[in-house]
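Two complexes are shown next, each including chain A; its partner changes from chain B in the first to chain C in the second.
Coming up: the complex of A and B.
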């Protein structure tokens, strides 16, 4: 029993760190632009397919999917930002309009993915990220989990460093604090927001590389579920505070692993139950101080 | 040639017109007070000058160059700074606020100017790593002033610097502004606190989005409209 609990807790932390990476891009985009990217899960799915294609067709390590995700985010993200976001922000209710617009974009991406990759589930060879297991406190987890966690921690740490140590990071936080004040300070808000948008997509794509390993497979229809889970995670942590996503991810990861270990058939309810409980008890999220606007 | 010159400026929010043909000028090294009650259009005018609101018609010229089509960051690069009522980013540290005040300057320039400003505001220097949200109202105003001074603007637009402050802090703000004026920065101060008239070379009385009266400080002080509205005489 104690061994099972240890397994669930350690596994939950690892799983939670990975799910922090899954959700952090969505929270970054919301925090900076106050828009909800309902196509977030579809960008994660594209990252998964990128890794799959690199591995299957070119024989490359799936980790090359990460630079591919960054390049893809730049190529797709900049035009998408300038085509959509400035217009949304001129509307009376950018949050609601973004819901509708990005829902449409999500459907388009999913339909194109079915067209391009087929509707089947795809998985990657389990040994591409290491064939063995790595143990901690007597509990062993596949190498691929540890690689995913390492990349997640590096990505989240990198984002923290960007916020805390760079001029663009200060500017990004300034926009998150007050968009008009940022404009009045001389920050080119559109340029900084576009960078944050691209970073949000890149983080989603990078997380997608590990989806075939941690979730078993990738298919065009996984995007909606991933967006829902990401949304639950960032609300649990703190909507609009990207680093709060880590808290949300850990709570989600621990909750899910504990349920999977002891009450497996109920585990799918975890994100939604947590979401409802947090919204009722602490609407600003575990790390939030003010009542959010969405 | 005036440093800032507005001719027939109209502007507003959405479809609601607030400004109805404002003519105004600020000379180099001059301090001009924009006096008016709540909802007179003072904030709208400053936000239009800096580019946060579009100029619907009319002209805004700075050092002879038309500004009205430029985005705010380009106007600021030309030597204008704007201190809003909030004036700071509460979730950033004092040091980060100062850093952002010189957003388009090099790190070396910001370090040099930041050091001078911390000499001028020793209370802020002691708390440089604290969040701006932890400061009192008066200290936040000081940080707001320090933040806009980092870029050494030629023209500083200030929106209600006395807003939300106790009289003792208003005095402090005025003292700091006197120092600023000594450095040659032109000021356009939007205020409903008539105490700021003591700083001004000239003033404009604004009401209902129109200039009702303009003149030198002495002329405004002698004006019946100002005396009735602001001195209670």
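Coming up: the complex of A and C.
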């Protein structure tokens, strides 16, 4: 019994760190643009298929999926940003309209993914990220989990460094704090936002590379579930703050692993229950904007 | 429109009744007509909430599924007439809506996503194997001993008229005027003496009740169903797309949107679902960018007042 608990806790931390990476792109885009990228999960899914195709057709290590995700995010993200985001921000309710619009984009991506990749579940070769297990406190987890966690920590740390140390990062934070004032101080809001948008998509795609390992497989229909889970994670943490997403990821990871270990048949409820409970008990505390004014 | 009082609403309701009473005699596939009515009802029910309060219930299907299960359980465990069980399904959904009422404290997208999560919770609970003694778990429920396609068709028609009547009431009454005011500016509306919270909750319960009645009747018409059949997110999605396409906040927009797109879905979507998914995905994007008030706004722009 003690072994099981340790397994669940350590596994939950690893799983949670990875899910911080899953959620952080959504958080970044929301924080900077007040745009809800409801196609977030579909971009994660595309990252997973990118890694799958690289590995199957070119025999490359799936890790090359990460540069591919970044390239893909640039190619898709810039045109998409300029096509829809400035237009949405001029509308009367950017949050709600972006929610609906990106839902449409999610459906388009999902349909195209079925055309392109087929509706089947695909997995990656199990030994491509190391065939062994690595243990902590006597609890062993596959190497692929550790690689995913390492990449997640590096990516989130990198994002933190970007905010804390670079000029663009300062500008991004200024826009998060107040879009209009940032514009008044001479920041090129559209350019900085576009970069944040592309970064958000790239982070989603990079997370997708590890989805076949952590979730077993990738298929075109996983997007909506991943989007909802990401929402739960960034709402548990706080919006606009990368460290908040890590907290959210850890709560989700620990909750899921504990449920899987002790009440396996109910574990799929975890992200949804967490989401509803959190938004109901802390609607203003964890996200200032979630309160109605009357 | 308001100066014409209740007339436009009565005209629409009577027209719908006539059309759906005559259609089965002209067109043989009654189950297609039933499905179409189901989607018109759901689209109108979603329009009641989204069109008149601005709250988009992404998990609207949760009320539909709850109604289907509540009705079926009443059929299985009581001797009530089926109609009473369907009404029980509506009440069951209203009870769920009361429990979920605090979600209305959230705004915009948070409400939508939390409502989606709530419908997923209902689905996972109902389809969980541990509850298979009560809900049938993943195998669903079977109420084929009350199977009655004619009676369930007429019941769905009655619900359609009820939903349309409610929309017409929201469109033409003082209550509806208050709704429109509070959607535009809740604070000023409250200052003007509108009980914002009470009105919003009433609309929420009405919208949930419509979905519950529709779910119960749908279960009755199918008589055997899996949990996925009444809880699939696709039902919410269709209702949203159909409503946006027709034009939310009107009475006839959702009817036209649901009827036309459902026929399109029936034409290409069932044999070629990805093609239809691609189409409505693109449709959503184009609607939000260029026609946020749906096709009925094409008329509005030309000076025709769409009811």
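The criterion applied here is as follows: the second predicted complex is superposed on the first by the 281 of 294 C-alpha atoms of A that agree within 3 Å, B and C clash if a C-alpha of one lies under 4 Å from a C-alpha of the other, contacts with A are read in each partner's own complex, and residues count from 1 in each chain.
Keep in mind that, in the parts below, a contact is a pair of C-beta atoms (placed from the backbone, for glycine too) under 8 Å apart; a residue touches a chain by one contact, two chains touch by 3 or more.
Everything quoted here is computed from the prediction, not taken from an experiment.
Trainee: State whether A:268 touches chain B only (first), chain C only (second), both chains, or neither.
Mentor: second
Trainee: Counting only touches as set out at the top, which of chain B and chain C does A:115 meet: first, second, both, neither?
Mentor: second
Trainee: Which one hits more chain A residues, chain B or chain C?
Mentor: C
Trainee: Under the stated touch criterion, which partner chain does A:177 make contact with: chain B (first), chain C (second), both, or neither?
Mentor: Touch partner of A:177: chain B, not chain C.
Trainee: Regarding the shared-chain residue A:185, is it in contact with chain B (first), chain C (second), both, or neither?
Mentor: In the superposed model, A:185 contacts chain B only, not chain C.
Trainee: Which of the two partners, first being chain B and second being chain C, lies in contact with A:36: first, second, both, or neither?
Mentor: After superposition on chain A, A:36 lies in contact with chain C alone.
Trainee: Just checking: does A:279 make contact with chain B only, chain C only, both, or neither of them? Give me first, second, both or neither.
Mentor: It touches chain C, and chain B stays clear.
Trainee: Could you give the residue numbers on chain A that contact chain B in one complex and chain C in the other?
Mentor: On chain A, the chain B and chain C contacts do not overlap at all.
Trainee: Applying the document's contact rule, which stretches of chain B touch chain A when the two form their complex?
Mentor: Contacts found on chain B: 50-52, 71-73, 76-77, 82, 84, 86-92, 96, 99-101, 103-104, 107, 147, 151.
Trainee: Give the list of chain A residues in touch with chain C in this complex.
Mentor: Residues in contact with chain C: 36, 84, 87-88, 91, 93, 95-97, 99-101, 103-112, 114-115, 224, 228, 231-232, 235, 265-266, 268-269, 271-273, 275-276, 279-280, 283, 287, 289-294.
Trainee: Looking at the complex, which residues from chain A come into contact with chain B?
Mentor: 167, 170-171, 173-174, 176-178, 180-188
Trainee: Over in the complex, which chain C residues touch chain A? Could you list them?
Mentor: Checking each residue of chain C against chain A gives 54, 56, 102-110, 112-114, 116-118, 120-121, 124-125, 128-130, 182, 186-187, 189-190, 196-197, 233, 237, 240, 244, 274-275, 277-278, 280-285, 287-289, 292.
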